[in-house]
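Structures incoming, each one as structure tokens.
Below, chain A partners chain B and then partners chain C, in two separate complexes.
Then we have the complex of A and B:
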């Protein structure tokens, strides 16, 4: 089992031509995110663990694994702080995850 | 890129961001100036067609789904459709008269739809005025009860008042009601003609004095919020169109006809014949409206920066005055008020 998160129930998001728009309904706050950010959110919303997200991004973006690891963890921390993500109470290993 | 830039891109790149659904023209009130054509005939969209529509819209990146009417709660499948919209991740807004939103329905609305907000019509600050416009005795008292219920349930409410000559003397008193509830109050300064072309609702359009009163009332409120400073009249940083009609938003009537917006009743297509993605990509009428909107934006540019901030609506111009580039009287008043405010010494 790996570290995993999910969107908070009041959060809505859409991919607008590669740019992400997030709305936290409870606080009526809108957040714009870039292409990588919106992809992270899409993968988290597809119930992938953090490790699986990093693995998937590694196959999609030309970036060293350690850079992805650092950036994804930092970004997830920001999303938790912003009230977008919350940790899942129970996670199961995603396909391909060790 | 910030959110406003992203929104600007929806206009520029024709990304359908907001869809307003007129689910039904049935209503439990009987407003004298309602713009709906309640005699309009057609084959209503079925629940399965709405499901297909919602799935198409989610794929197209549409974020906002607005349930309107008539009274949307009068649609027999309102909650089914609302739940489906929520499940697909739309930001759901509901435009209601509030008459049916007693405790049981309001709780169900929050539980099943979790709307971002509920827009509710307020027609006056007292029963005499409000009920005169709704033509349903007791509707004001009931609305006041229901608004309190909504607030107690922490449902975000926005009050919308269409200014008329019947309620234009109650602007401040309506604001007191909104402030007491802790909700936003917006004023719409244009009474619309009916969708069937009937101009009789215009008989209760606000007077020039009423328009002036609401403009400067709102400007003073804005100034208070901005710590005494007024906002300068800079041209808005907008794309090359007057609004997002048919470039980032559409309205769909109960019978599947797609329009640029709720005020611009120029048919773009019908969902009984084509999918929303086909209509959106189809050119023809959609392109025509986008071209008109660009022409309207150019017209506003020629009228000066205050005109661009005047709230000019090409849909209203097209419907009420026959052309989307007619700089109509209400917008002219707004422009004059903006210029007057900008010329006052404390504006920065």
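Then we have the complex of A and C:
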């Protein structure tokens, strides 16, 4: 299995009007998520690895693979820092590491 | 429950595990609030009389044979169950232990548990003390009970100001210090009536959501208003600004900010999905607007003309 993440147990997520709302209950914080962010979170929540997320987004959005690779890793890094995502138990690599 | 409320309770298990105790008296009060009636039994006469005065407009005789929806038994707790909090009296947080089947709550001089199965009910232990202190314990417990009961009904208890012109009713919410009391005072000055400047209940009903004045208000005094609820006309997220403007909030922004303003249940891991569902329905039913408002009071002209109003 490649690099993979999941929502932390205290995080709740809801898609509304094509945008997302993340509630981090432990820190009582709400984060708004745009359309692309919603898709990334949905795919991560569906247990896809980061590589699979990027591949899937490549088929759904008109963007060069290098751009998707860079943007997805940066976004996942932000979500980890915000306390939204954590590594799955199988791996502990930081985003961008291969 | 081992780590629960250690700031307040010597041993939560010892006090609460039996789920019973010695009633404080043989009086009761039945409060007719959204999702109720709420029946508090086991009250001594002084406390019951005080509560009856406090909730005069919401009291209901609950005709014999009619069952209160929510039944809360009040018991006496010996003072040795509680940590001596006198050295740090003042504002305090209620400690809540969230579980799938219910919640336990505790603070200075009281502890309680509440469950949903087989029916919604609770048990409250209060230490001997001044009537006002015991009344506060009951009100804090009532607030928690109402938050969960409203959630079950598809509604929400919202930190908000509720203001009405008796035809239309608006809800204003925002971050702490955003101006709920200020907008309420400006509303009162312009001839509107303030339902509560701190907390209101929103409950779905015929034709949309209804606003129920929660019987505790903030800076504008403690009030208890009679039912029924009023039709919700608009929801506005408050932002103090140099001028007065309205702007549409995106549904995700509205949902996120409303979640933050939904006390008690927004911290409950097992009830959060339900909260999202109820608030999503609310936002769909009544789109949220940002209200940038100044202190000149002209915002009320704007509110009266707003699209949702």
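Keep in mind that, in the parts below, the second predicted complex is superposed on the first by the 90 of 98 C-alpha atoms of A that agree within 3 Å, B and C clash if a C-alpha of one lies under 4 Å from a C-alpha of the other, contacts with A are read in each partner's own complex, and residues count from 1 in each chain.
We adopt the following convention: a residue touches a chain if its C-beta (ideal position, glycine included) is under 8 Å from a C-beta of that chain, and two chains touch if they have at least 3 such contacts.
None of the values given here were measured: they were computed from a predicted structure.
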{"item": "Fit or clash between chain C and chain B when superposed on chain A", "value": "clash"}
{"item": "Partner chain in contact with A:88 - chain B first, chain C second, else both or neither", "value": "neither"}
{"item": "Touching partner for A:17 - first (chain B), second (chain C), both, neither", "value": "both"}
{"item": "Chain B and chain C footprints on chain A, overlapping residues", "value": "9-10, 12, 14, 16-17, 19, 21, 23, 25, 28, 30-32"}
{"item": "Of chain C, residues touching chain A in the complex", "value": "250-253, 255-257, 259-260, 266-267, 269, 272-273, 276, 280, 283"}
{"item": "Complex contact set, residues of chain A against chain C", "value": "9-10, 12, 14, 16-17, 19-21, 23, 25, 28, 30-33"}
{"item": "Parts of chain A lying in touch with chain B, wherever the complex brings them together", "value": "9-10, 12-17, 19, 21, 23, 25, 28, 30-32, 34"}
{"item": "Residues on chain B engaged by chain A in the complex (per definition of touch)", "value": "1-3, 5-6, 9-10, 13, 15, 17, 61-63, 89-91, 114, 116, 156"}
